Each structure stands twice: as structure tokens, then as C-alpha cells.
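These notes open a run of structures that come right after.
The two complexes that follow have chain A in common; it is paired with chain B in the first and with chain C in the second.
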Partner chain A sequence: MKPAVAKILRSSVTAVLALVVIFALWEGYKWLGSQTGDTWPGTAVELPVSSDDIIMPHAGEIVGELFSDIRDGRSTLPLSLFLLKKAWFTLQEAAIGFFLGSAIGIGLAVLMLRWRVAEQGLLPWINVSQTVPLIALAPIIVTWGRNQGLPDIVSISLISTYLTFFPVAVSALRGLQSPDSAHVELMRSYAAPWRTTLIKLRLPAARPYLFPAFKIAATLSVVGAIVGEISIGTKTGLGRAILEFAQRYAVWPERLYASVFGAAALGLFVFGMISLAERLVLRRTDEVVA
Partner chain B sequence: MKKQWTTRVVGLVVAMTLVAAACGSDDAAVGTGDCDSVDQVSLQLQWVTQAQFAGYFAAVDQGIYDKYCLDVSVREGGVDIVPQQQLASGATDFAVSWVPKALVSREEGMDIVNVAQVFQRSGTLQVSWADSGINEPADLAGKVVGNWGWGNEFELLAGSRKAGLDPSSDYTLVQQSFDMLALLTGEIDASQAMIYNEYAQVLEATNPATGALYTADDLSVINWNDVGTAMLQDAIWADGARLANDEGYADVTKRFVAGSLEGWAYCRDNSASCVDIVLANGSALGASHQAWQMNEINGLIWPSPDGVGMMDKGLWDQTIGVSTSESILASAPDSGAYTTEYAEAALDIMSGRGMDTTGKNWRPGTVKLNPGGE
Partner chain C sequence: MSKGADFPAVQVNGVGMVFNKGATGEVAALDGIDLTIRAGEFVTLIGPSGCGKSTLLRLIGDLLTPTAGDVSVFGRSAHESRTGQDYGMVFQHAGLFDWRKVKANIELPLELRGWSRSDRGARSSEMLGLVKLDEFGDHYPRQLSGGMQQRVSIARALSFQPRLLLMDEPFGALDEMTREHMQGELLRIWGETGTTVVFVTHSISEAAFLSNRVIVLSPRPGRVHSIIDVDLGDRTPDTREDPDFFSAATTIREALRSVGGAE
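And now, the complex of A and B:
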């Protein structure tokens, strides 16, 4: 247990240090800009980003904004709690998208594993699917959903699903194909049915491939939910908060930055949840092997 | 015994028919809350919850739609939601849309009909700093002029052309975002702004020179209503095919228009309550900003000389004129593009109840904007 505690401590210190460095770089850039009138020192070449307080509010003010009150309906509450409330809504959409997308991804992988012709026929289309821009897809999905009488949260979750199934499908296929031919032949010599080979050999072998894909899919599910909220229109959610703050950027730039941090924090949270699941699932494997 | 039984049945049927006839054909019963059944209806807005749509939120909140036997769900807009497209595809029953944008969709084949012209004036401004010397369209010559694009540029293009400027060469037209950042940072000389939204954002920002908020005196405004190139904006649109073929929908439309217009009349007389309703519906924008918006929106609706929701034929013709001369529309729309039938029916109901339908005595209030619109 002791090494684990040390590890957590070490990574926490690194994370805090990284924040301090970013803080210092941010403020350093602002200071430089204010000293030189937004040009590189000693030249007339303009800095890539203007350092004024609208484009780059002080880091301290962005953090401070998290603790100042914002309107939420008829009452007010601190921005951090406001974002937490919105994030909870977005998390639900993202979770539906993640689980649905992962199920579809694994299902497609099994299909492609079973029939080579399915792999040859499906894989190119799975790749092509990710080049379809979401802004083209969103109105189609929401119009379809509303005609089916589905609530908009379903449509948003479907947009999230669309992003998440891809990495899972591709990695699951590689994972399912990963066992050595010696192992596969052993199963064959036992006259094990295809299904038994899948469950006892291929799926366990795929786990190390699946978890990195789940991590990508989890963060993508948050991105998908936020994009869906912005393009479709919900009354709540982080995406909606970002949209409203973006419109008020000229008067409250700190709030937009803070809401972007909220989105990043949600992404980190789901990433952490998958890492935790990975540790639990893969440790059990180690025990079995030992 | 048998005869008596038949007589009773016949008597009951006759009585029920009479009651049904009394309920069904009596117009005076509309809007009284005496409902045999309630119709589920959806309305698609153009954008997020804000006072621009207060009348619809108020009609829900104050039980006005209930009185018309309607259960209305108001849907917010999103970046990729085109209200008239949602209407034409059957995903929503009614939509709020600007007239030129909806007419473009209509020309493309969407069977949508304007059933109530809620806004009687355009809310679009071109805003610049008072010291920029831009006081009328001709002054835009040689300037960097911001515009949102996506169909929001037509009043500007037509207005500057009217002043003898060629938009492609006499000034620099740039696409700006839906905020006032570019004007505040000096990237552009004149910025597009809605009088009820972006214009107020400037007045909620702090002037670094004085440390106080900017004031209206710091700004110079071109109002397209004065230039004569204003185009009609928020109107209620319905599905043309359903209106023609579905009596039930036509009846729902009549009640929906009446309830919505009553909602707007409520917001005229109770603007503070409507600001509160908008805030309660989940706006993260500030209270003073919404109060400003409510006041300005009321100014776009009231007074409505011919009655609220009625089409101003002159402005309709002006909208079509600008649209065809700017090649937004290939030709003028047919006469089915709008109907005043539903607004007239609503006005009958409202004036029958002694309500003020023109708002000729309405006067704008003064709203004090706080920093950031809080």
C-alpha cells in the first residue's frame, strides 16, 4: 500500500506544479505584452495573441470567478457549483453515449471477427463515418429523434455515441485478433465452439487493447455531449453554459475560461473513472495469472 | 317498458348533441379554460431562453395557453437548429423565425405560412463609436464594417447601397462573431448589434478610460428602420399543408396564436414579471440585461397600430423589395406566404374581453444596466 500512496502523492505534486507553471507562463506572457505593447521584445513583430484583459483575463481572476455568484434561474450560486450542476447533466448524456457507443463498437468488432467479409465490408465505412462533420449530423439526428417523439437528450446522447463507437470498434477488433495462433489452435484442438473461444480466450486477451480505447471514448463522449448541446439546444448542460458565456465574452471573459475548465475537469473525471476500472479489472487478471 | 327505454336513449342522444353543438360552435367559449381535451403543441425558438421570447414563456407560466386548451412545450434553439426546417420536417408544430430567412426556405419548397407578425419593427442596428464620424450609411465609406452573415447582412447591404455605396468595394465587410468584442477592441469600425442584446453588451462593459460603464453617448447608431431598409423579424410560422388539410391543426393554430399574442400583451403590461419568468426558465444572462431586453422587445411590438400580430403591409412589401433587390429571393412570394386570418380571430377574442390589442399608450421604460448585465 505504501508505494501506492507515494505514487498518488507524487502525481498530485506534479499536477500542482504543472498548474503553477501554466499560471506563471500565462501571467508572464501578459506582463511581457503589457511592457512591449504586444510585440516581441526588441522587434515590431506582433505577439500571436493580444495580452489585454479581455482576450487573456488574469489567471487569478479566472480562478476567483469560480467562487463568485452567478444567476441560476431565480436564485444565484457560486459559478463552480453552477458548473457542477451543468456538468452532472452533461455527464448523464456522455454516459449514455459512452456505454451505447462501447456496446456498438464491441458488437461491430465481434461481427468483423466472425466474418472476414464483414471486416472487409465494414471497416472502411467505420473509418469514413468519422469524417462526417457533426454539424451536418446533428440536425439530421435531432429531426429524426423529434419525429420519433424522443426527448432531445436522446439525440444528444446519440451524437456522443457516434463519436465513441469508433475507437472501441477498431481497438476491440485488434484485441480480439491478438491471441497467438498457438492459443487459438489449442482451443480448436479441444473442439471448443467459436463462442467459447471468444469468451474464454479472445475477450480476456482484448482487455489491454480495450481500456486505452475506453479512455479515448470516454473523453470523446464528453466532447460529443457538449457539441450536441451546443448544436441542438437544451435548457441546461455544460455546452449550453459555454454557448451563453461565449456570447457574453466581451463583458465576462473569465466566465468562458472557467466554463472551459469545467469541461476539461469533466473530461479528466471520466478518464479517471475508466483508469480506476482498468486497475480493478486488470489487477484481477494478474491475480489469476499469479 | 321497452318504449320508455327507447325514448330515454333518444332523449339522451338529443341532449348530448345539443350540448356538443353548444360547445363546438360557440366562439365565445375559446380561451375560457373550459376544455374537453388538451392539445400538445411544440414551439421552436430561434435561440436560447431570453426576453426576446418572453411572450411565449409568459403564456406558459401564466396559464394563458391552458385557457386555450393547449399544452405548449417551448424548445430553445441551438447553433444547428433552423426553426423553419424543424417546422417543415414535422419535428415541431410552430416556429419563430425572421421573415426573410423563412421566405428563403419557402422559396426552396418548404410549405410554411406566417400566421402572426409579432415584431412590427426591425431590431437591427449598426453601432460605432461616437467619435468615429459614422452617423449615417454614407459614412461607412472606407470603414471596416462588421456583420454576422448567415442572412443577417441584408439590411446593411441594402442600406449602404441606398446611400450610393458599393458593398463590395466602398467599405470592407467582415464577418464578426455574435458579440461586441471586435468593436470594443477596435478591430472594426461599425458592428452589427440587436438593440435588445448586443447593443446592451457595450453598455455593460467598462470603459478603461473612465473606469465606468460605457454610455449611449459614447456610441453612434444607424437604425435601419429610419434608413428605410428594415426587414420584418420575429413572426410565428405554421405548416401550410396542415393548415389547408387538417381542421384540427387549423383550430390549434387559432388558439396558439391567440394565446401567444395574449402572452405578449401580458409582458407589455407586466414587464418585470416577464423578466422574472425568463430568468426562472434558466437564463444565465443577468437580470438587468434581461430587463433591458424586455423593454426593447416591447418597443419592437408595441404599438401595433393594426392590432398585435397583424401584418404591416408596407413593411412586408419593403421586406420583399429588399429581398428581391438583394437577390435573397428570386421572386416575390405568392399571397399564401402570410395570412392574417388567425391574428384577426385572436384580436376578436382579446378585444371581446376588453383587452388592449394595439398598445398605443405603451411607453418604453428606462432600464439601468449593471456591469456585465447582472
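And now, the complex of A and C:
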């Protein structure tokens, strides 16, 4: 357990350090811009991004904004708590999207493993599916959902599902195909039926391939949920908050930046949860005895 | 006596094997193979690469189906024999499932046969004793050396007490010292279990040390060139320095030379 704790500690310190460096670069850039009038020092060439306080509010003010009060219905609370509340809704939609998408992804992979025809027929469409812009797809799903009388959370989760199934399907297929021929021949020598080989050999062998895909899928599920909220126009969730703050960006830019922090934090949270699950499932000692 | 005792362990009749038959890249791997392996024998298949010795082993195990002739194992067709799980198989690479503990690897075939947990546990401890890995049941395969992994793989193949053990260059990836040790262990296990062994190798000394009979195959397409009886009595480490051992090795070497296979 000790080395694991040290590892977590080390990565937390690294993360904080990285944040400090980003802040320093941010403020350094702003300072440079204010000194030169947004040009490269000694030239008339403009900086790529204007350093004024609307485009780039001070890092300190963005962080400070997290602790400033905001009205939420009839109550008033700090922005950080407000975002946390909104993130809770988004997390639920993302979680449904993640689990549904992963199940569909694994199901498709098994289908493609079982029938080569399915692989040849499905794989191109699975790839094409990801080129459809979410913005175009979202209203279709929403309208369909409302016609079916489904609550909006279902439609948002479906949009999230649409993003998550893809990396899982592709990686699961690779993982299921990963056992070498000796393993497959071994199962054949036991006269093991296809389903037994799947459960005892292919699925366990696919786990190291699945977890990286789960990590991508988890962060995508948050993106999908937020985009879904925005395109549906729900009354709650992080996406709604981001939409509102975006409309008032010109006068209150710190808020939008702070809410982006909220979205990033949620993404990091789900990523961390999957990493934790990976460690629990794939726990193995690497100590060599002989 | 058990069922099938009156039959030879393996009977190969006029077997031929052509890969990609009728397509481009057609390869005749084996042609006109006749072979009888008696129950309890230790038989080695040796030959230069491309002689189809691994293919022949897979035909006996019904992992491949011959394009000509037929194979029977203890009086049943190779297919019936595989679905009846008459044989255990050991590959060049141990092929252990690295997410399973050593014990669980040995129990895999028993699990597939629906044995109860306690029966499996009892048998795997017995098998761990047989391959002298008593203390390693709760280790994961990657914590073991190559030789130890291969012993686990042998324990797994023998766990359901098959009458036939098919081994495809099982010690090919081991260093010389480990290899000789494993050969001694295998002969001890063979003596204790009475299992029939068909063993593929390309090592002359291994063939001479292990077998009752050595089948020398010639390449492209693989044919039986000669069958050499080896009678060295009970093998001990000293057997390796016995003049009879050297003369057996010499006979095998000369047979291999005449089929154009360097060691």
C-alpha cells in the first residue's frame, strides 16, 4: 500500500505544480502584453491573443470568482458550490451515457468477434458514426425523445452514449482478439464452446485494452452530457451554467472561465474514478520470485 | 483396465495435410503418414523445420483436420477424442493465463469440466506436488521463471489425468540447464502417471534422452523417414554420458542428415 500512497501523493504534487506553472505563464503573458501593447517585444507583430481583461481575466480573479456568491433560484451560494450542484446533474447523465455506451461498445465488439461479416459490415459504420457532428445529431435525439414522452435526461444521456460507445467498441474488439493462438488452441483442446472461450479467455484478456478506452469514454461522456444539455436547453446542469455565463461573457468573463474549471474538474473526477477501478481490477504484484 | 486399453494410443493412417488446398500458396505439409503409438509409450517427432512435425501433433489433437487419411486416438476418431478431452496439450510457450493464479491455471480444465471447487482444489494441490511447485499455488505466472511456468503448464495438461499428453517443443524456449532438469522431471512424471507422450522437438539429445521411439520426418512434404528405437533403460543424469546415449544420438543425427536437416 505504501508505494501506492507515495505514487498518489507524487502525482498530486505534480498536478498542483502544473497548475502553478500554467498560472505563472498566464499572468506572464498578460504582463508582457500590457508592457508592449499586445505585440512581440521590439517588433510590431501582434500577439496571437489579446491580453486584455475580457479575453484573459486575471488568474487570481478567476479563482476568486469561485468563492463569490451567485443566485440560484431563491437562494444565494458561492459559485463553486453552485457549479458542484450543477455538476451533480451532469455527472448522472454522463454516468448513464458511460455505462450504456460501454455496454453497447462491448456488445458490438462481441458481435464483430463472433461474425467476421459483422466486423466487415459494422466497423466502417461505427467509424462513420463519429463523423456526424453532435450539434446536428442532438436535436434529432431530443425531438425523438420528446415525441416518445421521455424526460430530457434520457435524451442527454443518449447523446453522451453516442460518444462513449465508440472508443469502447474499437478497443474491446482489439482486446478480444488479443489472445495468442496457443491460448485459443488450448481452449480448443478442451473442446470449450465459443461462449466459454469468450468468458474464460477473451474477456479477461481484453481488460488491459478496455481500461484506457473507459478513460477516454468517461471524459467523452462528460463532454457529451454538457453538449447535450446545451443543445436541449435544459434548466439545469453544467452545460446550462456554461451557456448562461457565455451569454454574459463580455461583462463577466471570470465566471465563464470558472465554470470551465468546473467542467474540467468533473472530467478529471470521472477519469480518476476509472483509474481507481482499473487499479482494483488489474491489481497485480510485479515482484519476481525466481 | 480402462476403456480403449486394447487400442493403440494413437493410430495414424495414410494422413496427408495440404494447407490452402486449391488456392494460391498451396502447401503440402504432410503426405502418406502411417504411425502407431502404443499406450504408455514416449514417442518423439523430430525433423528439420518445415517437416510438419507440429502439424502432425495438431492433427492428432484434432486442432487441424487432415486433408487425407484419418487419425484415431484410443480407438476413437481424433475429433471424438478432443471433444471427450482425452488428451492434454503443452505448447512451446507455457500459455498460462496471467490474470489467474498458478492454482487457478491448473484448475482451468477441471473448471471447464464442471468439477466442484473442493475437488479442483484437491487436484491442483496434488498437481503442484507432482511438478514440485507446492509453495507457488498462490503466485501469478509472471512471478515465476520460464521453467517453473512450463511446469505449471504440464501440471495443467495432466490435471484431468489424460491418457495422452501432446507436447509441442515444450522446452524449446528454456536455457540448457533448465531444459535438462525439465527433461528429467518430465520422465519422472511420465513414470508416475503412465501417460502416453507424443513430444515434438528439434533437439537430437532431447529426443534420444526422452523417448522409447524417435520418429524422424523428412521435409516438404513431411513423410516418415525412419523410426528409431531407443533403449536406454531408466534415465538418470548419468545417462547423458552413457555410450548408448551417444550412439542413439548418432543414429538420429545420421537419419536427420540424410533427410537434409541440420540440427
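Criterion: the second predicted complex is superposed on the first by the 283 of 290 C-alpha atoms of A that agree within 3 Å, B and C clash if a C-alpha of one lies under 4 Å from a C-alpha of the other, contacts with A are read in each partner's own complex, and residues count from 1 in each chain.
In this text, a residue touches a chain if its C-beta (ideal position, glycine included) is under 8 Å from a C-beta of that chain, and two chains touch if they have at least 3 such contacts.
None of the values given here were measured: they were computed from a predicted structure.
Of the two partner chains, chain B is the only one touched by A:Ser231; chain C is not.
Contact with chain B, but none with chain C, is seen for A:Glu244 once the two complexes are overlaid on the shared chain. Using the contact criterion defined above for the overlaid structures, shared-chain residue A:Ala138 touches chain B, although it does not reach chain C.
Set against each other, chain B and chain C touch different numbers of residues in chain A, with B touching more. In the superposition on chain A, A:His183 makes contact with chain C only, not with chain B. Residues common to the contacts of chain A with chain B and with chain C across the two structures: none.
Within the complex formed with chain B, the residues of chain A that make contact are 50, 52, 54-55, 70-74, 82, 135, 138-139, 142-143, 146-147, 152, 229-236, 240-241, 243-252. Contacts from chain A toward chain C in the complex involve residues 180, 182-183, 185-186, 188-192, 196, 200-201, 204-205, 207, 284-290. Residues 48-49, 75-82, 85-86, 89-92, 178-181, 184-185, 201-202, 204-205, 276, 279-287, 371-374 of chain B touch chain A in their complex. Partner chain A is touched in their complex by these residues of chain C: 58, 61, 63, 82-85, 87-89, 91-93, 95, 97, 99, 108-109, 111-112, 136, 139-140, 142-145, 148, 166.
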